[in-house]
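Order of writing sets the chain letters: A, B, C and D. Residues in each chain are counted from 1.
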Amino acid sequence: MHFAFTDEQAMIAETVRGFFAEHATSARTRKAMAGDGVDRALWASFCTELGLSGVAILEDAGGAGLGLVELAIVAEAAGAQVAALPLLGHVMASQALAVGGGDRQVLGELIAGDTIAAYAHRADLSASGDTLNGTIEFVAHGGIADCFVVTTNDAAWLVAADAPGLTVTPLTTMDQTRPYARLTLNGVAGERLSDPAAAISAAHNAGFVVLAAEALGGAQACLDRTVGYSLERVQFGRPIGSFQAYKHRLADMMVEIEQARSAVYWAACAIDESSDEAALAVHAAKSFAADTFFRCAGDMIQLHGGIGFTWEHDAHLFFKRARAIQTLLGEGAWHREQIAAMVFGDAA
Amino acid sequence: MKLGFTPAEEDFRKEAADWLAGQMAGEFADIKGITKLTERPERRKEWEQQLAAHGWSCIGWPKEWGGRDASLAEQVIFAEEYARAGVPGRINHIGVELAGPTILTFGTDEQKAKFLPGIAAGTTIWCQGFSEPNAGSDLASVRTKARLDGDEWVVDGQKIWTSLAHVSDWIFVVTRSEEGSKGPKGLTFVMMDLAQPGIEVRGIKQINGDAEFNETFFDGARTAADNIIGAPGGGWKVAMGLLAFERGVSTLGQQMGFRNELDEIVAAAKANGAARDPLIRQRIAKAEIGLRLMRYGAMRMLSNTDHSRPDGAALTYKIQWASWRRALGELAMDVLGQTGEVTDGPAYEWGILPNLFLYSRADTIYGGTNQIQRNLIAERALGLPREPRGDL
Amino acid sequence: MHFAFTDEQAMIAETVRGFFAEHATSARTRKAMAGDGVDRALWASFCTELGLSGVAILEDAGGAGLGLVELAIVAEAAGAQVAALPLLGHVMASQALAVGGGDRQVLGELIAGDTIAAYAHRADLSASGDTLNGTIEFVAHGGIADCFVVTTNDAAWLVAADAPGLTVTPLTTMDQTRPYARLTLNGVAGERLSDPAAAISAAHNAGFVVLAAEALGGAQACLDRTVGYSLERVQFGRPIGSFQAYKHRLADMMVEIEQARSAVYWAACAIDESSDEAALAVHAAKSFAADTFFRCAGDMIQLHGGIGFTWEHDAHLFFKRARAIQTLLGEGAWHREQIAAMVFGDAA
Amino acid sequence: MKLGFTPAEEDFRKEAADWLAGQMAGEFADIKGITKLTERPERRKEWEQQLAAHGWSCIGWPKEWGGRDASLAEQVIFAEEYARAGVPGRINHIGVELAGPTILTFGTDEQKAKFLPGIAAGTTIWCQGFSEPNAGSDLASVRTKARLDGDEWVVDGQKIWTSLAHVSDWIFVVTRSEEGSKGPKGLTFVMMDLAQPGIEVRGIKQINGDAEFNETFFDGARTAADNIIGAPGGGWKVAMGLLAFERGVSTLGQQMGFRNELDEIVAAAKANGAARDPLIRQRIAKAEIGLRLMRYGAMRMLSNTDHSRPDGAALTYKIQWASWRRALGELAMDVLGQTGEVTDGPAYEWGILPNLFLYSRADTIYGGTNQIQRNLIAERALGLPREPRGDL
């Protein structure tokens, strides 16, 4: 039992924080927002220079052979900068391919950054054999993906973006750093993964952890930036950070964030260690961290006063990202209902 | 204590409702249902002139100045029917609800004759310049300077959050007119024509993609010496009186806008099945309760004639509606789910509910943040010690 | 439209506030708490000296002929002192008798204070004709009542406390100022009221208003007493009321209380004026005022620090009363669900 | 980063669990499941002596002083198993978790020899005297006086909230030993035998009807000159160090008590149908999440070896658990409904859940109110300006 980073983990954390702080600047992110929502150069350096695009993929599948703890460290750092990257879809798709018996060559291309994947799930998508029909909404970074891992509750396929019968419609999205697309599948041929249960489970667990960790990083950034502002900004002749009500609100943010931090790394560890707490932990982490982020981002706006609701200030990037994380991969109430069912031993 | 209206008042309601409905079905059908403050300003000026032409512009004002001397009940009724008819909010609401009443209360006869007719007629649109980049919620920290140069005031400085300045004709500005003065002393309340080279207005884009607010820069801007309200250096008192007008009848019209938003949410919940979710049902009920309590809080505020002590309903109103509406925005998004996070077309422009979600984050900030409101309540209503100022 | 007290109402308010402040002292209330939960001398003077025990009963039925607004004024003042009085049962029972065709002599005795009534409702109580069987829980001040108005959803009876077959079991109750009793009815003969629908509706509406108004008075007392304490108590060399976080919490209490005040008098007016908003208003008032009171009483304890959770301090009287009001006559979630059903035009 | 335990640690868990279960099924079955701190103190002293006799009293202490030099993981495991077995909380928890560690850290060898054996053996029960009637959360305002009179300290004054003083043998008292000193200076940390005529202990009845807390009056109370920890006037430093011990392994045992409470609520909800209410289900899930996060927060706190910066998990722990438990009390009552508001028998004595509801209102007050906790977090962890004191 040692619930703190190892030296290696601390080093990874330092490296990725430095990487995103240096490269995922507000200016670059805003440029991506005005375009198709992805900073391609940043993604390329993330995959090639940092070598962490396959962080939680087994080495024999071309990854770094680390775990979800290290993945969470990466996602936390990316979230702290609201980086405009296709990280979520990449992680979910590559996890599915790696453990679900997917195409190793495609997996290699994903890790190398040559190919960008998105993940698209619909429980009741119509499939006759490997021919897919139907619509999948809200596919994160779907508009720029080269391929998709498409799943139902019990099957998974790899689908190329240019597959006949597939229409990808990019949508104007509130969080411009992770725009959604609608997939319309009209007799699309998918390449079936041999172990769909493993693929779906690995993809979703990794997705929950990525979102929770992004939320943690985002929430901490909201707190840090607001603390910084509060020490500079003078009102009524005093730094606003000297007003007790302001201090207490920042303290409340920290109380939530510290819990979110426990939640994220508990969930990542629980999966890495195949703990029987893993299912509970991912639902807890996803819902708690998302709510924490939303609250902190809302507080960031409020505590910045007028400047906080301008387009020019970064607060809205965090705020919109937080909202998106709340609804991606299941809303908070749904996750809590899963936990209630475990606690009560039922499924209401 | 009585909530109902008299038959005569109900007749007045019918008259107003009929006229407004006729306008919104006829000549001004093209502006019905507009909710964004920045949409179609020129056409809305025409509408406000139409209101004036039919005697509906400033019904609570004295007849002498273009009003109807309408009773409180009639003002309440008109505000409700105005919003119920889907008429867009007054683009000149600063003129009608703030500048006009301030001039009526504190202005000279000459100033009344000069400014009130244009406001009543809808020909002169007003905006206000209170906040500054370093004095957001802190009027006593105003730095914009005014000095008397012969028979003119010359103003230099910068205001921010000047809502609708880009469509306005005149602005009233709180300035520091006594060099070296601090805090509430030495402030002067200056009225200026915006159409002059010394004033520049730049839009501020908000998080919803719209730009209702502005920065307004004053660089040797000029106005006649008698275009000030109150005495030179006596601006604080005027500004405080003006803020009190913000809690008038107009709140009821504002609430009807909230009603439309809540109705949209209820309709969306019915359409997508969220109406069956017990958690959503509880929140809808809370929103409904909150809106009703806002209405009756406003009624208490308007019925109160005892001005010898702080009016609890009035002092708590701003934080109440602002917090309520921010929560309403979150409820709207939770009802919509991810559908609320996407919009048709390439432009970053949002429908009523997602826009509510984004815009309402500003409600708890402008016009005195929630934090400032709590200070005011604690100090003025509860008699608790004032916050110490760092520099005073 | 005039939503403020008339001169007469203001005079009543001043009178009842003075009456309860003078007589319903902490010492007297605590004496009642240590006994059977009623201050009989106080009740006697309330009925005989003040003449407001029939405030909202028509004059031809022996009442004062005023409305629920005046009743709310009385209940607000009683609630502000957490008076140990059988007001709730008295009001509900006497309203039921007055409009439901009940025994006028008994009604007269109730108003005179010679007889104390309690109100006992159970939707599915077993009744064959006028013979009643079953158990009714949580009857407020049931242990000291001389008679009961017993109702189901569509029938109402007057039952004497000494009726054969009736067992009244007083229960140790968290709120000792309004202890509950269990009624066990074993073939009890009731005296049927001729208009049960009117009786039940009047009783429940009056009950909702009494509880909401008590809650309003209690919440305001919590605020007033805490403000007073905050100006006296010095910590860290300053009156604690000068700390901004403390001030803001008191301000938040006031924001809630002002809304509760609107709610209570809106509901009372709406019933008095037979407004079509009445049903919505009583559900809003009961749930909102009860929650406001609970929050303010909890804050009162918190803001008093250590002394606030001692038996010796009055804070717990308010706190326990607030909790009891939350659950009496339907919990908040139930009331809000009624409102949701009105808003959605359904009944989920 | 690793959450699991080693096989050796799991063996240790089994050993501890078996021994505890045996005791609770055997000789000490009569105290199993007691949750109130005030219940059956004499019998519980016997139990703590039994713990000591079998080497389970202070397992984290050095072997030299009656401990086992147990590793962090072993301490975690023992705390969890202790509570899981339904063993009542340590009546001497002040001695074992605060006084003992303070003496171990700051005491002289003579003091260690004099005091530690009694604590380890469970024969000397300790309580603490920090708060005063006018210095609830403000240790720097302490007024209880100590003066050296020959070879004895003489103490006069009053302490309050001295938990379990009525069953304790010794008390440690923060006193003001330098006349005229202010704030944190001039404080001395004095240890005193309670059994003397100069000390009187009076119970304070709480809102749940129980009396765990006391007022303790000192009127010429005496103790030997060397019964102070640290230097005369150096009590502040010792007191601050002692407060840090409050966030140790014992938190995990405390959490197991919370687990029992939550389990009771879940059982009640299943029994009365509240488990089918979606609103209750959400709150149960939140409570479950909060409790787990408390556990992993404690694990982070205990695993943290970087003491160069403020430990976020440690600084936020008190407000986290206190707020969580207060909410748990409200949830308990909402699950029970009115049933929770009545109790059998004539005495004002409550079952575990209603008692939780009432008692937990104190959790956010004692040991530093939530307000004080927020100040500490803001100032120590976030580096925000300190609150100005009125008199310093």
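Throughout what follows, contacts are C-beta pairs under 8 Å (C-beta built on N, C-alpha and C of every residue); 3 or more make two chains touch, one makes a residue touch a chain.
All values derive from a computational prediction rather than experimental measurement.
Across A-B and B-C, it is B-C that has more C-beta pairs touching. Comparing the centres of all chains, each the average of its CA atoms, the largest separation from subunit B belongs to D.
Between subunit A and subunit C the centroid-to-centroid distance comes to 52 Å (mean Cα coordinates, whole Å).
Subunit B and subunit C, compared by their mean Cα positions, are separated by 40 Å. The residues of subunit C that reach two or more other chains are 242-245, 247-248, 333, listed in rising order.
Subunit B has residues 277-279, 282, 371, 374, 387-388 in contact with two or more other chains. The touching residues of subunit C, counted against subunit B in their complex, run 1-6, 9, 69, 223, 227, 230-231, 239, 241-242, 244, 247-248, 250-252, 254-255, 257-259, 261-263, 265-266, 269-270, 273, 275, 277, 280-281, 284, 287-288, 333, 336-337, 339-340, 343-344, 346, 348. Taken together, the subunit D residues at the contact with subunit C in this complex read 131, 134-138, 140-141, 160-161, 204-207, 209, 213, 277, 279, 333-334, 337-338, 340-348, 350, 354, 357-358, 361-362, 364-366, 369-371, 374, 387-392. Subunit C meets subunit D in the complex at residues 137-138, 171-176, 180, 234-238, 242-243, 245-246, 298, 301-302, 305-306, 308-312, 315-316, 319-320, 323-324, 327-328, 331, 333. For subunit D in complex with subunit A, the touching residues are 1-5, 9, 72-73, 76, 266, 269-270, 275-276, 278, 281-282, 284-286, 288-290, 292-293, 296-297, 299-300, 302-305, 312-313, 315-316, 319-320, 371, 373-375, 377-379, 381-385, 387. Against subunit A, the residues of subunit C that register as touching in their complex are 243-245, 247-248.
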